[in-house]
Structure formats: structure tokens, C-alpha cells
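Shared chain: chain A. Partners: chain B in the first complex, chain C in the second.
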Partner chain A sequence: MRTLVKGARKGAAPGGTGETVAAAERNPAKGSPTVAVAPRDHRRRGTPFGLRTRLILAFLLVAGVSAVGTAGLTYREARNSVLQAAQDTAVSSFRDQIQLLTLTLPVQRPVLEGTLRDIAGKGKPRPWVVFAEYGTMRVSSGSNPVSSVITPELRRKAAGYPHGSFERVIKDGVPYLTVGMPVVFEAGEGAVLSTGLVLYAVMKMTYEQNQVEALVTAARNGALPGLAIALIPALLAARSVLRPVRELRRAAHRMGSGRLDTRIKVRGGDELADLARTFNESAGQLERSVTELRQAEARARRFASDVSHELRTPLAGMLAVTEVLDEDAAGLDPDTAQAVRLISAETGKLAVLVEDLMEISRFDAQAAELNTDEVDAAETIRRTLRNRNWTDLVHTDVPDGIRARLDPRRFDIVIANLVGNALRHGGPPVTVRLRTRTDRDGGPLLVTEVIDRGPGIRPEVLPHVFDRFYKADAARTRSSGSGLGLAITRENVRLHGGTVRAENAPGGRGAVFTVEIPLGTGEVTG
Partner chain B sequence: MRRLPMAMGAVLLSGLLTGCGIAESDPIEAGSPASVKVTPGDSVLLFFRSSSGALVPVARPLGIKWKSSDTRPEAVLSRSVHLLFEGLVAKERAAGLRSGLPQLPPQSWVGAQQVEYGIALDLPIPLADLDDTAVRQLVCTAGFAGGSQGVQAVHLRGTDGTMAASNCDADVDINRVAPRPSMMSHPPSQRPVPPGLPLDGHDPVDPRTKRPDGLSPQPTLPTSEPR
Partner chain C sequence: MPRVLLIEDDPSVREGVELGLRRRGHDVRAVATGEAGLAALDDFRPDLLLLDLMLPGVNGVEVCRRVRENSQLPIIMLTARGDDFDIVIGLEAGADDYIVKPARTQVIEARIRAVLRRIDEQPGNGRPAVEFHGELCLDRSALTVAKAGRRLALAPSEMRLLLHLSATPAQVFSRQQLLEQVWEHNYHGDARLVDACVRRLRHKIEDAPGNPRYIQTLRGFGYRFGPL
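So, the complex of A and B:
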């Protein structure tokens, strides 16, 4: 294992904290597209009416209510006065016409017919048809002796009590004014007696209806421009509210994409200005906390990096000494020889651990570099196995001729770590399979699978296998690995712009580690 | 929040829709009735009833037959009552008028007197034969014939008793049939003096033997129109 990671050791940057912070700031920016999409989606789903629409609707509603209300009230008054004028004129002129008459009692039909013709010619304000009812006598100035428009209610009213009365009737859509006028006479001084004669006038109100319809048209023509004019202040008000809101949204969006120094210009003293002020304060606090957190994180990383570096120099010396001791162990007494060999082995492991820590530190500091080259993937894998003397232990299913842009050193670490892990924790036979496929966007992918026939990975462990120092078996605290192998593998694959995942084989036996790296993309850099 | 504007819109719309155009109305009272002149001026009013049951006045000229006679109120009163009992003439019948009064027995006579408290009518028939309209016909005809525009109290006395005094209220509501005046005491043998008749000791005139206006009874009554 030690030899596997040796190549990654050079170029370690012990400092690089400034770079760390800068990289951390850049990092969220990668997620910005999703941040930008999410709120827009939410807005579309949440409120079908935007603020602008609602403001304009409210304005229009107010304008509509007042315009329609005013127009309606004016119209009603005007209509009533039109009707009243017609009714009053009709009733009083009808009465005046009748009062010019001189009757004999009982009323005689020929006399009555003449009288009615006379009155019918003098209709005011509009021509009318006059009907008379006396005893069983029914006479009219028209063709029918009895009107179909006069209602029984009006008859009762006119006959029952000595008062003139009128009623508006609509028959077949035509409005009529019917006037009932009982005829009385003076019997002696002051005594008024009914003659028993009741005269009715029936007058079409078509002219009045036209007048009323003209009023409706006038009211509508007055109200509609009012509504149109109300649109202008509505739009202005909507704009004055929406501009700060839009600014606020833009600022929040910028904050979300990592620009924590975003501030809004506070204008005026209204609620929106308060909101802007609050936003600025919150943004300031957020920026402070995030800066503190980043500094703490950077300190921690630098500490780990520094510690590994500081450990490397003494370890190198110790390794040289233990190698010498190892060679001489054969000459020592068995107990001492065993102790010496143990020290030598543990020192070697410590060196591997320190190397791995430094590698991880470099990834954390975004200082890892990708040096890609176009290589034959199968050849690279075979070389890795050959270098580790694993050729006999591992089945390969690696077709030749797959060219890929890879960092050969990092790809070697990936394959070595996965195969080593399979040999250590899985069961034989271990198979490495190489193939290509097309991802969702149509780009070709290099797919490398490392398959073992061991017991597989427990489901609760699966999500954590790539975590640092994660031990699948809590009891096995001492393992030959550093506990960082799979974590380093994942970082290396990421550096290639690819993914690595662990799953259990469909058959139920064994684990499958799958690495997918874009074939042609060697441009991804740290 | 969104329900309020919708409700307001609905109210406005319904208000507009119902308020448009010309609407029907109930019968509305509008001022006094039409007042006409009735000719001839020197006529008496008789009250008959129309097909609807209302009291309808007709004007009868003080007939030619009576022209030579005096026009004292008592004479006019007596003639009016007799004309009423004689019934309708052709043109009145043509107008659909009817009379509710029964035929008087032959050779009988209605006594009509102007008394201090009103008018007294002495009928040769039982009052029970008269229906409500007939009573009103009599009261109004007598009331108006007696002058003072029909406001005088009229006392009816029949062969079966006396009726409480009543006024013609035709000018108030011609269609409303006033409640029939209640009957007073009435043993036919000893007919009491009708209330309102002077109780100064002299005997009331027997209507069957003597006409109150001093004329002798006439065997034939005018049935046709005087003119």
C-alpha cells in the first residue's frame, strides 16, 4: 500500500490556507444553478397571481366599484326622473282631459264612445288608448273593448277608492303605463259622488325605454374610460413596490450563490426599506459567521497538514534505522528479533498513514493537480496489477483499445486501492472489468468495476464506505490499511470528473465498486 | 381575501342587471279622481247597483209630469223615493244596472217625511224583504233627495219594525257596503214612533192612506222615462 501512494507525495503545499478559503468560496458557486432555479419554480407554483397583478386588480376593483357605483346611482336617479315625468304628465293630462267632460247619468254607450275617441286623440306625453268601464259596459277607443294590459290590481285600486292611480306593466317585452281614473261628480255643495265610471289610459313607454337605454350607454361610456385611466396609477404603484422587491430578490439570489458581501441600498423609510435594512444586517451577521467558520476549518486543515509534514522527517529517519535493524534481526535472540520486526512493521504503517494524511490534506486544500495523458485504459490496469504482483490473484476482463484521458498515477491509485480493498475484505475471486457506456448527456464514460465474491457490504455500512477512517467492522480496529484508502480513491475519481459507488452484487454475494470517468475529459483541474 | 372582491362584484353586477331598463310596478296612487259635470242640473239622484255590487247614481230630471208641482224638499224627496221603487228605465238597464228593491204592493205608498232629525221613510213592506244593497239604495236616494248632500240621517220603518238611523256614505267609498243598520223594537200592532220623529203628541201619518206631501195617492205610477 505504501508504494501505491508514494507517487502522490510530492508537491505537498504545507501552507496554502489562503488558497483553501478561496476554493471554499468558489465551491458553493458550482451549486448556483440549482439555487437559481429553485425559487423561481416555487414562485410559479405558490401564487398564481403575482404582486403586480394583484396590485393592478385591486386598483381596478376600487376604480370599478366607484365608477360603477357612481354611474349606477346617477343612472337610477335619471331613469326615475324620466319615468316620473312621463307618469306625472300622463296621469295629470288624463285627468284634465276627463274633467272637461259633461256626462249624463247613466252613461250612455254612444256618448261614451265619442268621448273616448276625443280623449284618445289628446294623449300626453305619448298617444294612448282609452278604455271605459261602467256597469257591464266596456268601451274603448281602440279595436278591443277590454285591454289585456290593465291588471286586476289596478282595476281594484281604481274602482275601490276614489283616487287616480297608475301602474307600469311589461307585456311581451314592451313597457306600458296604465292609468286608472275613476270619474266622480259634485252632488251639491262639497259632496263628491262616484259616477261608477272608470276610465283607463294605456300608453306605450317605448320612448322612455329608449331614453333609459341611452342612459345605460352613457353610464357605460363614462365608467370604462375611468377604468382605463385607473390602470396608470395601478402600474405606477406596482412599479414602486416591485422595484425594491426585485432588488431584494436579486440580492438574496446573489447571497445564495456565495457573495456574502451583497448589500442593498436602503431608500426611504417604509416597510420595504425596513426589510432591506434587516436584510443587510442579517447578511452582515451571516458573512461574519461564515468567515469565522471558514477560518476555523482552514486552521484545522493546516494543522493536520502541518502535523503530517512534521512527522515525515523523523519517520524517514526511523524507517532507515528499522530497515537496518530488520536486516540484522536474524542475528539477535528470537524475542528481541520479534520486537524489532514489530517496530519495523508498525513504523512502515505509520509512514503509510502519514503519506495518506498528506494526500488527503492536499485534496482538502484543493492543491491536488491532475496531470492527464491519453492512455490505454486496459494497459494501465494491467500495469497496476503487475506492479503489485496481483496478476495471479485477480481476474481481468479488460478489452484493449479503450483510449482515455487519465492521470495515470491517480488512476493507478484508484485501481490499486479498490483491488487491495477487495483482496483484503472481500472474498476471491476478484475481477476487474473494463467497459464504456454513454451517460445521460451522451458523453462516453469509462466504466471500471471491481467485483469480489466475499460476503458483501452490510446495507447500513454502504453509504459510509468512502468516509475517512470508517471501519466497517468496529471490532477490527487494527487493519492493514490506513482507513483513508477509499476516501483518497473517491477524491481522485472526483478530480477526474467521475463518480465512484459501492453496491452489492445482484446475486447477493460480493461487492461491486464502480468507477465512472468521462472518457475524453482530461481538462478537469483542481 | 379573494372571496371578498368576488362577492362585491356579484353584488354590483346583480344591482346593475336588476336596475337596468324599465321595471314593472305595483299600482300606485296618483292624486285625486277626475271630477266631471253631470247634466241636467235640476235632477234627482237615484242609486242603483252595478254588476259588481257597487252603488251607482243615476240622474233623473225632475220629470215633466211633475213640472207643475212644487219643488219643496218634501215633494222632491217623495218623488225620488217613488222613482226608485219604480225601478230602472231602459238606458239604465242597458248600462248593466240593477235594483235590489222589491215591487211595492198595489195601491201602497211610501211615506217620506222631512223631520227635525233627518228623514223618515215609512215603507209598506217588511224591512226583512230588503237586502243590504237595497237598504243603502233607499238611504242614499233619500239622503240626497232631502238635500244637504246626503248627510242627513235616514230612518226606515217597515211593516215589521224600525231600523236604526243611518247615513249615506257613498261619497266615502261607493263599493263598500255599509253594515245594515240594526232593527229596533217592532210589534206591528203598536208601531212605535221612529226615533227622530217628533214626539209632540200628534199621530204619525199613515202612509197607506195619506201622502205626506198632501197629494192624493196616484193609482198609476210612471214607469217610463219622463222625458
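So, the complex of A and C:
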């Protein structure tokens, strides 16, 4: 029992707490919100001194203390009464024997020996050995005239106390009761005269000892199964508490990983059942509000998609006739011609905007498809520039022979949007640079950089350049782009499993847009 | 100038496209339904069919399929980008090309010219007009293909693709190259045009389309004719 308690203290000591704190500090430092990590840490924190251990230890402690206490008190009382009874019997019967003595003084050795043997035969409650000391005479009923068990202390007390003294002595592991009693004369009222003869009785207490030992054994035999039996309710209690707690943990974990329909089965009506009920109610509310948010978001997206769809049909008709307007504008009066040209030009822009909106809607609906083909990256970039008549405006540093698995149409949009952006907002010369590198996992990446030598991008604008309809300057007039070009670029790069980032070249020497896409071919040729 | 039959249910698109093409000298007949379009085929005898995929009643894909049953009339689908599934189905049904709406008349006309040119401008340049490749017999001047003596009915894009690939047997063409050279699309066009056309062509000329002998695929690079 004592070792158990000690063990418990050690577990609760700073060692355990320290580890908990360390684990708690480590977690946010890692900054990983991934659900996979959290439960492992949690379990480790719980292991050294879990709820189950504590419950079991508490049960054992209570059972142990009560068992030991009861057994101890019972033992003490029983032991005392056993020993007391033996002592009292021995002392009083010894006294009775001595009172019956008839001796003539001075005492003769053979007479005394006979008397002692006589007394020795009447030992109560057990046979005893009787010793006599008279001056220098030493006589006993046994083989040895002097007892080795009688202490000087008893001798001193026995001589001065006419009613007799006793002592319990343990010698070589054997318990003895020694009783010393002087032989006296009655000399009138309350006065006695010493004869100088002192008798001692030495009695083995082995029987009483055995009785006491039997008590100890009985107490132990009662207490140990008691402790063992106490384990069962401890385990049951721990189980009844831990199972709901475990279920709660599992449910909370599932909720965290996005399964909001998670509910706990409520059993009974205790505090844990209340907790489970509260959990279920909160989960229900959370699920409802998340569902509402999702529905609202889906509605908003569908609305944007529907609007662009609806705009597209009239635009298709309008766009087909803009050339008629352009061709005939020359023959109209100047104001009408200007109005007609304006309508024609804006129709074209509107068509681009609607197309871009449709494209973004498809990304939002995750309906965008990647139709990849293995192509020569340099050739793809040169075609993009040539199709838009940018070949003379843009420097290229694009080595041939880099084959990459790309969706050519989408990669064309990525490059065209970045170069178009550099030509519009950056400054000449605009350079497109192509190279490969390996990423951290050793996979080959296709790296395309679009570099301009303009003023660069203001730091506060930098994080937003890929946002939809983001205007660096609120007062700035609409440029020829739809405001979605870079957002579409980013979505297209993501669809390729790549990344795009914007930064300023060192020393304010313009902006650099970097696109990194996995090559996807497994090899680099050339 | 070519005679174009336009089947488009939306009035503004129908009128706009009709007006734009007529201004450029095309002879255009515009109808609103698939049924009216199919009825107009015999009567109007168009050189080319411009077909909206989303039609009430008989839809564009069905019209496409019915036309292909007995005719090699060039077909261009009008579609909205994003209706990706429809594009694939339309191409499988036998359309030669597609145009994404909204489109300028300039773009529509360029595509019409390209599709029609595929048939007209096969260069003779001194080669024998009739070539034999395995069981295939290609006549480059009569624009006929026969397999084991039986005439095959190839759509214009299929014919043009076969003639292009077989002109230099064993040479590999990337899908981008074929888009540019056969469809006159730009390099970044939709490679599914090529894939769908190859599938249709294999279905007609190969013994086992799953294990092609004439039109072979080189994974990661493109297609080639033979070597036999």
C-alpha cells in the first residue's frame, strides 16, 4: 500500500506536469492545425497519469486505508486482551502459589528445590520455570539455576515491590513472560517484612505469540482480497466515466475534421450525459449555421454564374454585328460614328468580362477541367507571344527542349495575362524567362518568370495583386483588362498543381511574377 | 460564296450571325429548330452547317448525328465554353469543328473558310494521285478513301486529317501541330478536336480501333501514320 501511494505521488510530481506544459507549448509553435497531429499529442499527454489511473488509485487508497485501519485497531485490541489475560493469570496464580508457601528460615537448598518444583508443576496458564534467589543461593526448578531471561531491571523492581512485577522479554525470537515476587511476612496491618527470598517465574509465551500472529494473518487475508475486489468497482467506475469521455473526444475530433453531422449517443442522466447532450446541441447549431453559410455561398456563386450565362446570349448577337457598326461608322455623321464605335468597343470588352466571369465561376464550381498534353514549353511561350503580336515587345530567355505536361490553352492564358499585365502596368523591357529547378521533394518544376522594369508594385498592393477586381488605385480608371486576369491566372496555375507569386526585383527595378508548375513528365530533355 | 445553313434558337444570335455573314457575302439560311434545319437541307443544299448545340426539340447533337448518317456536309458547332461535355459529345457525333459563343463574325468566317478549305486545297505536287497503304486506297485528287475496295464515308475533318498524316508516313505530329495545320486553330487550341477526330477516323479505317495500325499514338508526343 505504501509503495502504491508513493508511486502515485511521483506520477503527479513536476515530471508529469512539465511534460504537459511542454507539449502544449510545442503545439502552437509547430503551427500545424492538422487534425492528425492533435490526438497523438493529446494521448501522450494523457498517458502518464490518466483519469483511469487516478480513479483506480483513489479506490485502492480508500479501500487500503479502511482495511488497514480496521485490521490494525482490531489487531491491537485483540493482541492486548490475549497478552493481558495471560499476564494477569500468570501473575495472580504465581502470587497465590507464593502465599501458600510455608518455609522455615533460613532456607535450606534441598527444601527450596522441592518447593520450587512443586510450584513449577502448577504454572498457569502455562507451565513455567521457577527460580529462587536468596542471598547468594541460586536455585531453580529447571536444569539451570540462573535464568538468562530475567533482566536486572526486573530484579530491582521485584525486590522493592511486594505485589510482584512482570516483564515481557523476547530472547532469540522467543517471547517470555517473567514475573518476579519477593517472599514476605505479614507483620500486622499493611506492613510487611522481607524475607530476602525472591522467586521468579519464567513462562514461554509462544502460544500467545502464535495467536497474535494468527490475527495478523487473518487481517492480511481479509485486507488483500478486499483491495483486489476494490479494483473491480474502480475499473467499472473508470469505464463508465471514460467511455463517454472517449466518445466525446472522438466526436470532437470528427467535428474538427469537418464531419458536422457527428452526434453522440446519450446514455443515462448524469453529468456526462448532460455534457453529451450539450455537445449534440452545439454540434446541431454549428451544422445549421455552416450549412446556411455554404448555401448562401453556393447561391452567390450560382448567381454570378447564371448572370454571366444570361449575359452571354445577347452578347453573342451583339458581338456578331459589331463589325457591321465599325465598317459603316465611317459613313455616319461624326457624333453618331463616335457613339457607334463606343458601343462596338464596349461590346468587345463586355464579352471579355463575361467570358472571364464564366471562367472564374467554373473554377469556383470546381468544374474547370485540365486537358494536359506534353509540349515544348519554349515553343508554347513563343506561340503565345506571336499570336498576340508581342514578339517584338518582349525579350525571351526560353531554352528549347524543356518538355512539360501542360494544358496548352490554360498555360497560354497564364502567360498572356502575366505578359499583358507587365506591358500595361510595368515598364519596358518585359522579359520572359524559362528554366527548371527541383522542388524540396526532388520533383522537377517548370519555372516561368515574367519580369518588367517598371516602378514595381507597392508593398501594400503586393498581397492583393491576384485578388478579383482588385484596383491598386481606387480612383484609377478601368484598364483594358477585365480585372479578373490575374485571378484567372492563379486559378489556372493551381489547376496545374503549381504556384504563382508576385514580388519586386531588388533595388526597385520592376516586378517579377514567377510561375512554378510541376513538369509532370518525369524527365528533362535537353 | 458558300451557302451556310444556320440552326440557332436564340433570335438575337440568329439575326446577328446571319447579318454578319451575309454582309461578308455568304448565302445564309437561318432557322430556329433542328426539325426546320433538317427539312431545309434538301431544299437549300448548304455547303456548311452552323449548328447550335442547345436546341429545343431535336437538339444539336441529334441533328449532327442524323446529318452524318448519309452526308459529309461540313459541320461547325456553336457552343458556349464550359459546356465541355456537350463539346465532346458533339465532336463524337461527327462535328468537324466548334466555335465558342460569343464570337465575332470575323472569327466565325475564318473558321468556315478553314473547314471548307480542308477539302478544296489538297496539293497534288507531282505525287501520284492514288496511294495504297495496306488495305487503304487514298485518292488525293478525287478525295476518296477505300478500304479493301469499299468506299469509306469520311467527314471533311477526318478526310483532311488522314491525308495530312499519310502524306509523310511515320512522321510524328503533335496535337498542337495538327490543330494548326489541319484545323487552322491556334497552337493553344482544344486538342480534344484532334482526339475526337482520330477516334472517329480509327473507327472507320482500322480493323481493331483499340489496337490501331494506320493512325498510331505516340504517348506524350502525338500521332503518326504507320509505319505499316
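A few comments on the model shown:
Methods note: the second predicted complex is superposed on the first by the 284 of 526 C-alpha atoms of A that agree within 3 Å, B and C clash if a C-alpha of one lies under 4 Å from a C-alpha of the other, contacts with A are read in each partner's own complex, and residues count from 1 in each chain.
The rule is simple: contacts are C-beta pairs under 8 Å (C-beta built on N, C-alpha and C of every residue); 3 or more make two chains touch, one makes a residue touch a chain.
Computed from a predicted model, the values in this text were never measured in an experiment.
Within the superposed three-chain model, A:E355 lies in touch with chain C and out of touch with chain B [touch as defined at top]. Touch criterion not met for A:N144: it reaches neither chain B nor chain C.
By the document's definition of touching, of the two partners only chain B reaches A:E153; chain C does not. Within the superposed three-chain arrangement, the count of touched residues of chain A is higher for B, of the candidates chain B and chain C. Shared-chain residue A:P408: touches chain C; no touch with chain B. When both complexes are overlaid on chain A, the residue A:T53 reaches neither chain B nor chain C. When the two structures are aligned on the shared chain, A:V91 is found in touch with chain B, with no touch to chain C.
In the superposed pair of complexes, A:M318 makes contact with chain C only, with no contact to chain B.
When both complexes are overlaid on chain A, the residue A:N210 reaches neither chain B nor chain C.
Common to the chain B-facing and chain C-facing surfaces of chain A is no residue whatsoever.
Every residue of chain C that touches chain A in the complex is listed here, in rising order: 10-17, 19-20, 23, 80-82, 84, 101-106, 108, 174-176, 186-192, 220-221.
Residues 309, 312-324, 327, 348, 351, 354-355, 358-359, 362, 367, 369, 371, 373-375, 379-380, 383-384, 387, 403, 405, 408-409, 411-412, 521 of chain A touch chain C in their complex.
Remark: chain A residues 57, 61, 64-65, 68-69, 72, 75-76, 79, 83, 87-88, 91-92, 94-95, 98-99, 101-109, 134-137, 151, 153-154, 156-170, 175, 179-196, 199, 205, 208-209, 212-213, 216 touch chain B in the complex. Within the complex formed with chain A, the chain B residues making contact are 5, 8-9, 12, 15-16, 19-40, 45, 50-52, 54-59, 91-92, 94-97, 144, 147-151, 170-171, 173-175.
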